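Two complexes are shown next, each including chain A; its partner changes from chain B in the first to chain C in the second.
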Partner chain A sequence: MTTWHIPDSVLGGYANGHISPAVAASTEAHLLTCAQCRVLLAPIFDTARLDRIWDSVVQQVDAPRAGPIEALLLRLGIRNDTARLLAATPSLRLSWLVGTGIALLLAVLAAQAGDRGVVFFLALAPVLPVAGVALAFGPQTDPIHELAAAAPYSSFRLLLLRSVAVLASTVLLAGAAAAWLPGPAWLAVAWLLPALALATLTLAFATYVDIVWSAAGLASLWLTIALSGLIRGRDPLLAFQAEAQLIFLCAAMAAALVVGVRRHTFSTLGGSA
Partner chain B sequence: MSILAEGIVKTYGRSRVLDGVTFAAGRGVTGLLGPNGAGKTTLLRIVATVLAPDDGQLELLGQDPGTATGRLSVRRRLGYMPQEPGFHRLFTAFEFVDYVAVLKEMTDRRSRHDEVRRVLDLAGLSDVSGKRIRTLSGGMRRRLALAQALIGDPALVVLDEPTAGLDPEQRMRFRDLVSRLGENRTVVLSTHQTEDVAALCEQVVVVDHGRVLFSGTVRELVGTAVGRTWTSDERDAAASVSWRLGTGRFHHVGAAPMGVELVDPTLEDAYLLMLGDRAREGAQVPA
Partner chain C sequence: MRPQDDSRSDAELLAEVADGDRAAFAILYQRHAPWLVLRLSRRCVDRTIVDEVVQDAFVAAWQGAGRYTGKGEVAAWLWGIAIRRLVDALRRQPRPVALLADMSAMSTVVVSAEDAVLAGVEHGNLAGALNRLSPELRAVVQATVLDGLTTREAARLLGIPAGTVKTRMMRARMTLREELA
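Right, the complex of A and B next:
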């Protein structure tokens, strides 16, 4: 039993947190063994501060660790609730991104064989984001779609959020892969506008039909157009020349307009099972 | 009344799943009782604002879910546990509930996490909150589905077959939780088990073939079977259904002959009789 006790000034500093860590630590050590000083401390300790400290301990210990995708999104400065919604996107999963990467890698390897290989890459690159957008939302692919449908969060906002994220990630991957394309420099970005047009058109048609049908139809149409250049005697890059790019730009803008005007169709009630 | 439904019709292709359903539900627990395929899930999906009825009037929490603003207002005060809630199997229990909390517009991380912890605790899942969903048992997943329905303390709680796949002990815990919810909220649950209704519900709505056969208190439903259940030492051809009890005697349900030993009916007896009457009426309709 010690006869020494903590001086009032130190005890006050400990209570409101205004003493150095070293002094605080020795005060704490004494408090653990001295009931008399604990009695003196109890009435002057700021309980609101105690709650805050305990709260942050709980947050630290109990908060779930974000997965790789979510952690990356948070580091990019995306809000925590948005990051959580994006982390649940089927086509933002690591497996999907790896699959996309492999497909692009194979296409780039094929492109080394000459013009026909380049057309193959340019045709494939815009299809990948469209597939990703189609898989990002809907009863077929989102396991929690039924819950999302009954929640107040706007379905349209969720769809847009996920589409933009999928588009951005796929475009980054395709852009990196395109750096290895042989031929003139403009070829490396020739797929960009078709990709944007296809993705926005997919959303635009999704205001009329199921998004999976919309994506499948547009992807088939696009592959037919893009690969038709491979027919003997034609310019293999016909679908990627300047005039064609202008058409893609106009199509993307028109589609975006349709999506904006008809966005209510994403939040109305489903009519089918 | 939190739910006022009148003449609700829903058709898929040529089959009329709901054929003019009328019922009301207020504070307390209301049970939708009916065999599989009766239309219970479709009705609850309409009440949960996931599906729009083809015809009829519906008012939820004083709002019209047919309008965008009414729907949003209902969804903000609604908790919904679907029959087959999908899960992202790679999510942990905590992450899943947190995700649904974001969909319920809880943007502040700290208060959202507090709420997630609260509902996981209510469902008895605090110990497994960090476990991935694919490692949880079926009963735990049901409770997880229930936990997300309680986020934000909703005024209207819609539970589709909440007791399916629960063992007796889990069922007891579940009843305890739901009866407490019903003290100051409107809870509507569907089931094909009469024990759930007898144990939990003040009001019961019996549904079959998309139509409401009965709507009222549990006591009133049992009352419809008075004088139609009896016991004897052997099988009785007059009964529509008979079964041998553990005591060795037979329990009969149906049109009781004169002079038999009548017994007090149970909710199950009344339910069986009601479905049986309905089936006979159907059989008499000329083809």
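Right, the complex of A and C next:
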């Protein structure tokens, strides 16, 4: 360690900028290696500013780390508060997504067995997003239900945000699974419109009854229709032919209209007003 | 507690920080925040950005304390983090903020002869030659030689293309060589 130290006048000059570049450079080089001179700089300094920075450092160090899904959302450029609300959606939690994935995997395996298995997959795939949407809004399941209800955030906006996020993630999973479906290529997307129709219908009926009832009722109805094709003597894929798809599209649009018109009923989370 | 009251060295403190010792972290902050703020202020005139960068750097130091190898000064390690955070912060800015706070502003300041003599570095030709460099060339020398940035990082810090950094560095070298010959 050298015995040379920065003269006080130079230190003062360094702090307020009145110093030549070469002297500043040598000062900086010395500061890196000399703790004594660094200490001399501290008193020159505005302590309130340093305390302020320290408070933010502590706050950030103490802040809970964002979970994997929240981190992903933030990375995608979604705002902090929105990401937190989305990540808290029960049906966006990793356990739910893993469960969905396993269910789809089993359905795909069943589909390898032939037409009847394919029907099983096509019937299941649209139910999963509906279950996800319902789960996203049940007061029983939302860990921040009270918080979300009290947040200065439009319930309807939150509902749409979460529904879209749940739909997107589930549809993505189902789409990936559908790639392994045997049979003609259109089968792999035959469940998309039913899924969309079911999800929007669930929201539409949720303006009248509790979203859990709405989802449960529609899912049962759907499963009855879709699986009725398995009755001997019928076309197993009847519920997925072109005419049926057109009906699903119309139903989805009508349901979206209802949701839009009756969005004021979502003033309280959980569905029914 | 005043930072100099603790007899532990920076490296020892940093090892404690790696184990999650908040008190050691506080001492480290008290020792290093002042000069970091000052040195960054000479490279970026925006106080808000400087404060954020210092904050980011210490959060990074807290999280990455275990990655300090024990080689070299802790101060230099911290500076390496801070200057890169500054580069990142300035890249996020929509417009390049007035940089060159140091260099261009400094060139207009009249240095008292007394200060210069006291500094003990003004005697050499090198200091004179450095001071006579144009602000643009000097900024490049500072970013690459003194701050230890790569050409690319220096380009981001100064808001100029990487090619310009290279040519300016070449011109600065030539000028210095001529003056010192």
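Here is the rule we go by: the second predicted complex is superposed on the first by the 201 of 273 C-alpha atoms of A that agree within 3 Å, B and C clash if a C-alpha of one lies under 4 Å from a C-alpha of the other, contacts with A are read in each partner's own complex, and residues count from 1 in each chain.
Convention: a residue touches a chain if its C-beta (ideal position, glycine included) is under 8 Å from a C-beta of that chain, and two chains touch if they have at least 3 such contacts.
Owing to the predicted nature of the structure, the values given are computational and were not obtained by experimental measurement.
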Which of chain B and chain C A:179 touches, first, second, both or neither: neither
Which superposed partner A:23 touches (first chain B, second chain C, both, neither): second
First, second, both or neither for A:231, with chain B first and chain C second: neither
Which superposed partner A:80 touches (first chain B, second chain C, both, neither): first
Which of chain B and chain C A:264 touches, first, second, both or neither: first
Chain B and chain C footprints on chain A, overlapping residues: none
Interfacial residue positions of chain A with respect to chain C in the complex: 4, 6-7, 9-10, 13-15, 17-29, 31-33, 35, 38-39, 41-42, 44-45, 49-50, 52-54, 56-57, 60-61
Complex interface listing, chain B residues touching chain A: 12, 42, 48-52, 65, 68, 71-72, 75-76, 78, 80, 82, 84-88, 90-92, 94-95, 98-100, 102-107, 109-110, 112-113, 117, 129-130, 148
Contact footprint of chain B on chain A as seen in their complex: 55, 59, 62-64, 67, 79-81, 84-85, 88, 93, 142-153, 158, 264, 267-273
Residues on chain C engaged by chain A in the complex (per definition of touch): 3-4, 10, 26, 29-35, 37-39, 42, 51, 54-55, 58-59, 62-63, 73, 75-76, 79, 102-103, 105-107, 109, 111, 114-116, 118-122, 126-128, 130-131, 133, 138, 142, 146
